[in-house]
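Structures for review follow.
First subunit A sits with subunit B, and in the next complex the same chain sits with subunit C.
What follows is the complex of A and B.
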């Protein structure tokens, strides 16, 4: 059931190389992307909503001496992300296509990335996860280095080094988890984490937190991210921010919270503080930016902070909010990067002090500006859009555990509104400079991906149940796992007090 | 002693593979003598057929008898030596494939080159199984002297001469040191030359004596020179840069594999009682090699020097498996060398092809190559990424197996250092990939702008193409199909009595904490 998610894009990547007409590579790429998107929707339809464990499990022995198995499965945490992955790949292929050089290579790299991320999301074996996690590195590096902006050499190297260090920490953490606990193999189901003492557990969790924290990115580890997002082409930025960064938070939930529940509970206050700092830092920096793409990049740091706060709180509702926020943020960020990419391509600048009056219905970019306003509203958490749903669940779920960090987060979601108002005010409103505003007409390709994303953002905002229903059983079992020690303590107190 | 028992004691059947290679060497020499210059067109294929015959003979031996001791204990044809001899022969086959057009273009005689290469192979193969000091030394010197000759093979090239002289001087010095160490062993063991008897004699020295340790250090000097492990690496970059590239390809894989086989046998059998000491010394060598190799490689501008430092670093990684000293440790050494064979020779094959077509090996001259030669770009990229340990290529699986075995043997520091330095290594490998793949057409180097039309019909180019495609396929697929080679490596360790004796009970207890025994109990409870 899950293998097609891996095989379809890989075959697609090879098919593109073999397809004779380089200019038409996007057709092949789209076909394969839609196939894998369709397959992920089919999985969604077959998904058993009443069961919190792994579904569609596949298991084959692979490299037995290493304890590496071909072992796949999905639950409510990974399945929605898989759908997002296929969706964003299709969007990325149609982003900024005009005059794309080396389009064949570009499209096969996107499909490779798609396969890699899908593999990481469904892998149920630590080594298998590492393989897919590291597989991303080279395609993304090449995408940034070939199709990036002016400073792409610097940005791509920085991305490479940070991501490689992230992979290193994750491998070290996994090797440690398996061998120190005496687990028989790298299967997640086989891990005997309970055999570990608290100090090794803390060390291993720290290694994993740092590793996934770089990918997410969380605040002290984020310095690669603004450079990379800004220098990357819009298509690359959509994939980087929309889905690759989610592998970081996915790792935090899957390998932090799920594997080390009691240690997670121990350090949760620290994580909540780190998350809150990320939120404030991202918002403040976004306000200060002149470059609108950089503004969007910093907004992403802030929104990833919510996920960490919610994951730290670890209640059923907050974890659900964290996953919902991953999806919502993935779509909204992709939309923002797409629109900013269109603005940049048409006007030739990203400087908010130069841009003006794009709302102008005749010579401006009315549709793009309108969608930009909508995307800004979604990102700021205006009710009726998907961002609100996710943030509301995050805040509601986290408030009981961490009232003060949650309050600070709520306040800084107001700051989000501040910088989006600045952005929209400067770029969309005002008077269009008639002297320079001779823009090319937009093509169909510059419109429909944004419209599709907007439609989904609107639909899930009005019908939030469609967003939240998938993860409910999984988050319930996760939260029970996390609070088992506390429940046991309460039970123990109860038995003492009973005569 | 009658003839029959003598024949059974000699057990000459164990060296049939070496015999086949020697026969091939003679055929090549005589063929050249009779047919003259024209023979260059078919002699390489004779050599390859002979080497394939040797592989077949090794295969028969693998499934064959259990009586492996030959020549009254001078040579041990056990499973370990079979696997290492196989790696040496394979590396020679690929070297022959990639060297034909290079040697032709350099204007020197191909048959002479082939016979020296085959002589080096014979030396390397004997070194893999030699278990007596005199045999060890003769095999070592056969390999070394043939290597000196090959490094200076392009006589007209000043750099090749310089490389040969440097290699000869440093090699001779290290041989002398090794010989001195061997003479100490001979004395300490009371006139024994067989490695296992030396081992027994050394273990009976009870009082802490300095002499065995001195002998150990001297022997390790000789070994580390062959492995080009830091700080015995100084010859590597200069020799790699100056020598003909196919020779470097052989030195970096075949000669190194023989060196590892020799290291395992010598240290495990003769110095079994000094395990702690040699583990300590090798840990130091591994640390230095990983740090120095990877750090200095960052600054290189010549492709061959880059590969030289990378090979120093790779030796450091492999040493982790050796120090682990467990079954999976030795198996990971064998598997990694097998992986290294394809990815490193693939890299060198690409460097040879590029220098044949352009006459340069500066990294900056590779800029924009993807437009002119996609196959070369793809193969070199994949081989380098595999050396850097990027999945899903074979290098990743090899490295993860080494680190896995190291971590299991509680070598946390070494494994962490290995992980960190492999991140550094990704940086310099990808620098080359970036040069080839990322550069825009207008950033293309002058060399690539004048790149000749890709044509495989020139004499000697087909074998080179075969070598490149073979390396490409093996590097991409052996990782995914890693089960059979790993099983083979494990089986060779399990079937080698010397290793079974050395895998110390203490280590096994330590490892068994991780073994399924305990955890299966947990499973039952759950």
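What follows is the complex of A and C.
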């Protein structure tokens, strides 16, 4: 059931190369993306909401001496992210296509990215995960280095170095976990983490946290991110921020929280502080930026902070909120990058002190501006849009465990509003400069991806259950795992007090 | 069968539907059809909503209807959209939709030449939807949601004429100030749920009457729930946004001043049982209300911009509502909100026409309009008389009831506010309608029918207000009329109004009137320097911290990384000179390496030796 998610994009990537008409490569890419999107929706429809464990499991022995198996499975954590992955790939293919050079290569790289991320999300074997986690760096590196902005050399190298370090730390953590615990293979199900003492557990978890923290990214491991997001083309930035960064948070939940529940609980207060710092740090940095794309990039750090706080809190509700926030943020960030990309392409600048008055209905970009306002408000957590649902569940869920960090996060979401108001006031409002406002007309391709994303953002904001229902069984079992020591303690106290 | 009250939840959706339909009039279609159909579509839907709620009001008159729609389910959190359709809530719905319908007719004339109809009506519809949902909902969570949506609507409506720089800053300040209030409220909402386990107002009231809460928790909770309405109702220290919001078009001002800000007080009344858990919160509520009422009334007296006079009158009246709610007179507060909404809408509409075709908002530019615009004049006078305590018109009843329930100090505050407001409104009357004709007012006909019709309708309602109150059963006992506090209220209106009329209609007194101490006058004219206060506190802090963190990010965090890169490069650059090709040098390197390695490997043995 899961192999198609891997195979469809791979076949697509090859088909694009073989297809004779380079100009039409997007047609092939779209077909395969939609196929994969459709398949992920089909899986969603077949997903058993009453069962919290892995579903659609596939297992084949592969390289037995290494402990590497072809082992796939999804649960409520990974399946929604798979849908997001296919959706954003389709959006990315249609982002900023005008005058795209080497379009065949571009499109097949997007499909490779899709396959790589899908593989990492469904892998149930540590080595298999690492393979996909590292493989998807190659297409990303190429996309940044080829289609990036002026400073792309610096950005792509920085990206590669940082994420390579992230990969090394993750591998180290995985190898350590498997070998030190004496587990029979790298299968997640086979891991005997309970054999480990608390000190090795702490060290291993720290390695994993640093590794996935770079990818997420969390303060202070984030400096590759603004450079990379800004230099990357809008299509690449959508994939980077929308889904690749989610592999970091996915890893935190899957391999941090799920594998090391008791150690996780131990260091949770530290994580909550790191998350809160990230939230404030990202928002404050975004306020100080002149470049609107950089602003959006920094906003992402802040929103990742919410996920960490929620994951640290580890209540059923907060973990559900963390996953919801991953999805919501993926869509909203993609929408923002798309719109900022349209603005940049049309006006030729991203400088908020140069841009002005794009709401102008005749000579400006009224639709893009309108959607930009909506996307900014979604990101700032205005109710009725998907960002609010996720943030609210995060806040309500985390409050029980970490009241003070949660309240600080709520205040910081006001800072989010500050920079989005700055962004909107400077770019959309104000007076359009008549002398320079001779913009090209937008193409169909500059509209519909944004409209599709907006529709989803609105729909899930009004009908939040469509967003939240998928993860409930999984988060329930995760939270029970996490609180098992506490539950055991309470039970022990109860037995003592019972006569 | 109660078809209309069972489906009353649909009333906010009329407006949403209207807003969605206006999307069709994007710039592309406007070129073909003009922008107007978008407005008419919205008007029709608003009137449908009004009719629906009128029928519903008849059905719920004797018995309220409660509905509940599940909205969100996640783990142990279940959020339902609770609807309470009672005489009070559906009555509020009728007021909101009625004023919306009148405002939309008014806007047909006011925005006659504007291209942005679709956007404007869509935003009015957003306001309408938010307010009607807020009136209907019986859940604190959804009250918060709707307040946020109103905040967004305020931002976009103030920013309607986004070409002008003052509009842009006004929109920004409006949004951010209200957002501060909303987020503190959100903190309260989030913190309340683990304590009470519900957001339903009725259940919260029951919970609050039984619970024994830690005083510190109760105070923090109460203050958080208080700050939300403080921001929404433009109370001190979050009052400045309403003043800047006056940059928006007048129809939006009518709605905002008459009903939108009142929605904050509506929520305040609903959360009052929780506030009462903490004496500190209640005292803060009364203190904020009293201070805002007096200071904003005084500020209003010092303004020359006519819309700002009204914006401060709004803050001031909502301050009175805060005091009333704090002193346990929620019913009188609700009555005051109703009568106030009608009076304020009437006054702003009457003045809006003048702003529209005299193109002047500065009252010192205007004068002598009574003979030119008698209808506007009469509407203004009736509106002003309805607003202050003048029997038997609207606000008199609410103000008199509240006055009789206050301590002497608060009564003095109320008398002062009423007197200053009367003086301020008389001043506006004197500047606008009396006195000599100026160059700005030489040609000033009454407006288009669409401008006058809603004014006349409101005039009728304002004049019938005592009858309406009697019909609704809200009119207090008539023995109230002879209470000393009531008489003092009437006296304060007479003194304040008389003083204002004398000062501003008498030709012997030169205008503008300058106080002997200009500092005092400036203090009020510049809104107690609140803008400066913000600038040196919150704005400065955020700005500086943002700059510092940005610097730190670029230089320290990223600098450390770049330093590592630089060191790697530098060491490589240095080491490359070792490759000289000299065999002896390589042999030496190998030898040293072997010795070091050997030492490391034999370290355990050496350590064993050293212990001997």
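Just so it is clear, the second predicted complex is superposed on the first by the 499 of 499 C-alpha atoms of A that agree within 3 Å, B and C clash if a C-alpha of one lies under 4 Å from a C-alpha of the other, contacts with A are read in each partner's own complex, and residues count from 1 in each chain.
The rule we apply is simple: a residue touches a chain if its C-beta (ideal position, glycine included) is under 8 Å from a C-beta of that chain, and two chains touch if they have at least 3 such contacts.
Treat the numbers as computed from the prediction; the structure is a model and nothing was measured.
Participant: Using the superposition on subunit A, tell me whether subunit B and subunit C clash or fit.
Facilitator: After superposition on subunit A, which the two structures share, subunit B sits beside subunit C with no clash.
Participant: Is A:238 contacted by the first partner subunit B, the second partner subunit C, both or neither?
Facilitator: After superposition on chain A, A:238 lies in contact with neither partner.
Participant: In the superposed arrangement, which partner chain does A:172 touch: subunit B (first), subunit C (second), both, or neither?
Facilitator: first
Participant: Looking only at contacts as defined up top, I'd like to know whether subunit B or subunit C touches more of subunit A.
Facilitator: For subunit A, the partner with the higher number of touched residues is C.
Participant: Scan A:274 for contacts with subunit B and subunit C and give back first, second, both or neither.
Facilitator: Neither: A:274 stays clear of subunit B and subunit C.
Participant: Counting only touches as set out at the top, which of subunit B and subunit C does A:415 meet: first, second, both, neither?
Facilitator: Once the two structures are laid over each other on A, A:415 reaches subunit C alone.
Participant: For the overlay on chain A, what angle lies at subunit A between subunit B and subunit C, C-alpha centres, nearest 10°?
Facilitator: Apex at subunit A; the opening toward subunit B and subunit C is 160 degrees.
Participant: After the superposition on A, what does A:259 contact: first (subunit B), second (subunit C), both or neither?
Facilitator: After superposition on chain A, A:259 lies in contact with neither partner.
Participant: Going by the contact rule set out at the top, does A:316 touch subunit B (first), subunit C (second), both, or neither?
Facilitator: Second partner only.
Participant: Considering the aligned complexes, could you tell me the closest Cα pair distance between subunit B and subunit C in angstrom?
Facilitator: 5
Participant: Residues of subunit A that sit at the subunit B interface in one complex and at the subunit C interface in the other, please.
Facilitator: Common to the two interfaces on subunit A: nothing.
Participant: Where on subunit A is subunit C touching in the complex?
Facilitator: It is residues 158, 219-220, 222-223, 281, 284-285, 287-289, 315-317, 320-321, 324, 357, 359, 361-362, 366-367, 373, 377, 382-384, 388-389, 392-393, 395-397, 399-400, 403, 406-407, 410-411, 413-415, 417-418, 421-422, 425, 428-431, 464-465, 468-469, 472, 475-476, 479 of subunit A that touch subunit C.
Participant: Quick check on the complex: what are the subunit B residues that touch subunit A?
Facilitator: 328, 331, 385, 390-392, 396-397, 400-401, 403-404, 407-408, 415-416, 419-420, 422-423, 426-427, 430, 433-434, 437-438, 482-483, 486-487, 490, 513-516, 518-520, 522
Participant: Name, in rising order, each residue of subunit C that touches subunit A in their complex.
Facilitator: Against subunit A, the touching part of subunit C is residues 26-27, 30, 71-77, 115-116, 144-145, 148-149, 151-152, 155-156, 159, 162-165, 167-169, 171-172, 175-176, 179-180, 183, 186-187, 190-191, 193-194, 542-543, 545-547, 549-550, 553, 557-558, 561.
Participant: What residues of subunit A sit close enough to touch subunit B in their complex?
Facilitator: 62-66, 127, 130-132, 134-135, 137-138, 141-142, 145-146, 156-157, 160-161, 164-165, 167-168, 171-172, 175-176, 179, 182-184, 190, 192
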